[in-house]
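Remarks on the structure that follows.
By letter and in written order, the chains are A, B and C; residue numbering begins at 1 in each of them.
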Amino acid sequence: MGMPLIDHHCHGVTTGELDREAFELLATESDWPAPAGTSVFDSPFGITVRAECAPLLDLSRHASAPDYLARRAELGAQEVTSRLLKHTGISTYLVETGYRADEILGPDQLAAAAGARSEAVVRLESVGEQVAATGVTAGLYGDEVAAEVTRQLETAVGAKSIAAYRVGLDLDPARPTHVEVARAASEWLRPQARRLDHPVLIRHLLWTAIDAGKPIQLHTGHGDSDAVLHRSNPSLLTGFLQATRETGVPILLLHCYPYLREAGCLAQIYPHVYVDNGLGVNYTGPGATAVIRESMEMTPFSKLLFSSDAFGLPELYACGALLWRRGTAAVLNEWVAADAISSSDALRYAELIAHGNAERVYGL
Amino acid sequence: MGMPLIDHHCHGVTTGELDREAFELLATESDWPAPAGTSVFDSPFGITVRAECAPLLDLSRHASAPDYLARRAELGAQEVTSRLLKHTGISTYLVETGYRADEILGPDQLAAAAGARSEAVVRLESVGEQVAATGVTAGLYGDEVAAEVTRQLETAVGAKSIAAYRVGLDLDPARPTHVEVARAASEWLRPQARRLDHPVLIRHLLWTAIDAGKPIQLHTGHGDSDAVLHRSNPSLLTGFLQATRETGVPILLLHCYPYLREAGCLAQIYPHVYVDNGLGVNYTGPGATAVIRESMEMTPFSKLLFSSDAFGLPELYACGALLWRRGTAAVLNEWVAADAISSSDALRYAELIAHGNAERVYGL
Amino acid sequence: MGMPLIDHHCHGVTTGELDREAFELLATESDWPAPAGTSVFDSPFGITVRAECAPLLDLSRHASAPDYLARRAELGAQEVTSRLLKHTGISTYLVETGYRADEILGPDQLAAAAGARSEAVVRLESVGEQVAATGVTAGLYGDEVAAEVTRQLETAVGAKSIAAYRVGLDLDPARPTHVEVARAASEWLRPQARRLDHPVLIRHLLWTAIDAGKPIQLHTGHGDSDAVLHRSNPSLLTGFLQATRETGVPILLLHCYPYLREAGCLAQIYPHVYVDNGLGVNYTGPGATAVIRESMEMTPFSKLLFSSDAFGLPELYACGALLWRRGTAAVLNEWVAADAISSSDALRYAELIAHGNAERVYGL
């Protein structure tokens, strides 16, 4: 399992030095500190950082939180980032650029730090917000957004939507009309547009991306406190998947935790649907193999992709890649040992999930 | 685990020779070909066919897709069907007769091909559509359907409903009145009835079957693109289960994937509710033991049944039976090894799940 | 794993002798006898009783149901209760007092029978019903309930709500106004209040408990036939968790089966949210380790608690404690063997889950 990985969905690494509070906030989906007397270092991801990243910083496995943070500060963020990223074996990073972009390394900087290649993924909701910030009128909003999405996608490999966060995946799957978009834009732009959470405009973004024809990543499942878990169940997208099937545009269901099985069912049925098991793998630490196992339960082997969903901490890249390699190998080796699959097929599927499927879907 | 099996829910085997495209379409719940460059043979079920069925056709384990299909064509469909069915150890097939009946072997033909016994299960929605096709008036529709359901159930062992596909399981559990049925029939029959998807008429069919008193199978969980997964969650049936508890009519929750645990909770609570783990077992291939394990997590051992849900491919029977035997044995043997259960109890429960529960519930 | 346990959610033990029918009804969440020819002793919990409790009553492992019940009757309920409770290693019982209190041992009696400590947990809905029974007017109902909740919580360690049973967890999270409470009370109290199931009054109870500031336990997931499973999904509480986060009042999600993962996601995000894996552990018997494993998948180790949720049968305490010890040890030992965690951390987390978290949250 030493093959190169394509991390088909991730964010940049934070640029600054991190104190304990800042580190802990980046090591969880929570937006608030752990309650008094407790620590994120005492969580499945926390113990994985202390077990797996500590040795890469010259500490012994299972270092304590204070020792880990002290050594991290001593080495400095740049050296830590470089060591951890180079250890991942990730050859290509597909970096979503639309979230807190000022705090993190962009795709080029990340590639330089990792000695790897990178490509950009456009966050659709950010494009809507960027266009709104130009002072566009409601009547022109729809066309301007479509033009800007198309323009940004020219140099990007795909689009990403956080519809799950903004309106829930139980959205109306229909393409909105021009009149509906103009009316919705007039509601949202007045008096001042901020966070794009208008259901019609979210749908407009999705269909604009469908028209642009590049792969679309959709957040599903567990995320931060801005999302409601059961409204992020990928099965809620069924209507949208039915409506877009004939377009052939690949839809990549991100994360999916704890709905890996639901996602696998969708990937079996809909030819344009793909499944990713990132995020859940990191946050379950030693339990990640069970998550990976579920993602391999029904999903066709040509439909599963690796990602880290890392944001901010290089530890999320390092642990995400390591846990994925270990878990995927564990499942496939078990199947080989039971003679349920040949070694050559197992290797072939590992290569597909590690990078082959991403190469095919994104045309890398 | 060599005991005879009762396959309490399956469909017939396709009668014709199959080219690669036709075979691949029958080896998945999808209604469309796999995307370019991919194949159903590279899926959990696909590798199971190549591992387990290939030797039954004189090939080595893990045969390639072209080799498998070439050998299949060489032997001919009849010989392949005969070899694969005889290997299942299924002694009795309960065959649902209402779906694409013209393309597949009926219960008698299937029994002959397998050297086994068969009984019929009536698809309720098909009866509604058959009655509609007679040109019945809306006012008479309800009584005619009731009479026809009763008549067909005289020679069948149970009924089956695909309410999950047609209206979702979040249906109103109440028995509709005569007036409601007549009004609904007038809506549905005009100008021309086709697919029965009127919620009142689906409820009418269910209650008609309750009156008839034979066991009722209900599709739940993963199915083809005609169903919406989260609307097929068996927990949505709770109101109907409460409303029918006193009738004593057995309700068999089919498939249940990925809602095996939800189904197990219902089977623990409601005395007339039973759980089946078919379909999920086939499509998860080497992961089937995890599915079986969940179905045995809370379900009383007197409430769990084997099925293949096979349609079209004899491979679905062969793999379904094999994976069930292997997975059920794995779970029970693990429990015996941990001294959590006696060997004699383990054997007794295996016999119940393999055939005893079906014999008791269907009165075979 | 011989450390003392705090059972942070349980009920009393039944006071009378039990015949087979009475025993079977207490050994399941069902409200009805098992169908003819079947027995609760042939369920995952039933085999666990016969395997694990039989030797404590001087029988061999895997005793038959008749032998077990005969020996139980021979020893008498008091001796059986004493033997089984003393074997649990539970040092403190937090006993919910509001359900069928006349049939079971109260906290003091339970403590005496077990040779342990006990504390009371107040069932909020019972307080509402108690206040209603005093003949209070609708206008005074809200204040009287608030006063009574406050009064009862003075000598209790926490509150418990069965909102899931009464209205479902998809409740409006907002605190109701005085006027809304008075109007709802006038609806519910007339002509005669019984079971408190008015959504506004349930919300009022929850917010009254928030004001009182002690930890609040909420039933989630599988329960008896009075609840609807999918409406007990803890994710449905997200709005209430967001609305109460700043109060700092701990919210303990009880049971959670089969939504352990959803609960773990909530516990990762919301600093005041805790997860318990009781009930599911008992009813899954030999499969309990999988349930425990899922509860440890994402939940921070400072957020997970042990409980038995035992009601009536001392067997539920004995098996709940034993299965928890065995399953938690299995998961942690596996992680230690894989060097994913240090032995000292594993021990530290086991102590937290066994009793440390409960001590901190309830201030014991």
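In the analysis below, a contact is a pair of C-beta atoms (placed from the backbone, for glycine too) under 8 Å apart; a residue touches a chain by one contact, two chains touch by 3 or more.
Going by UniProt, the chains are A, B, C = Amidohydrolase family protein.
Just so we're clear, the structure is a prediction, and the values are computed from it rather than from any experiment.
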{"item": "Contact graph of the chains (line, ring, star, complete, other)", "value": "complete"}
{"item": "Interface residue overlap between copies subunit A (Amidohydrolase family protein) and subunit C (Amidohydrolase family protein), same or different (over half shared)", "value": "different"}
{"item": "Angular offset of subunit A (Amidohydrolase family protein) relative to subunit B (Amidohydrolase family protein) [C-alpha, multiple of 5 degrees]", "value": "120"}
{"item": "Approximate Å spacing (C-alpha centroids) for the pair subunit A (Amidohydrolase family protein), subunit C (Amidohydrolase family protein)", "value": "36"}
{"item": "Multi-partner residues of subunit C (Amidohydrolase family protein) (at least 2 other chains)", "value": "none"}
{"item": "Subunit B (Amidohydrolase family protein) partner contacts - residues on subunit A (Amidohydrolase family protein) that touch it in the complex", "value": "233, 235-236, 238-239, 242, 245, 261-262, 265-266, 268-272, 293-294, 296-303, 334-335, 338-342, 345, 349, 352, 360"}
{"item": "Contact set on subunit C (Amidohydrolase family protein) toward subunit B (Amidohydrolase family protein) in their complex", "value": "28-35, 37-40, 42-44, 47-48, 51, 61-62, 222, 224-225, 228-230, 257-258, 280, 283-287, 290-291"}
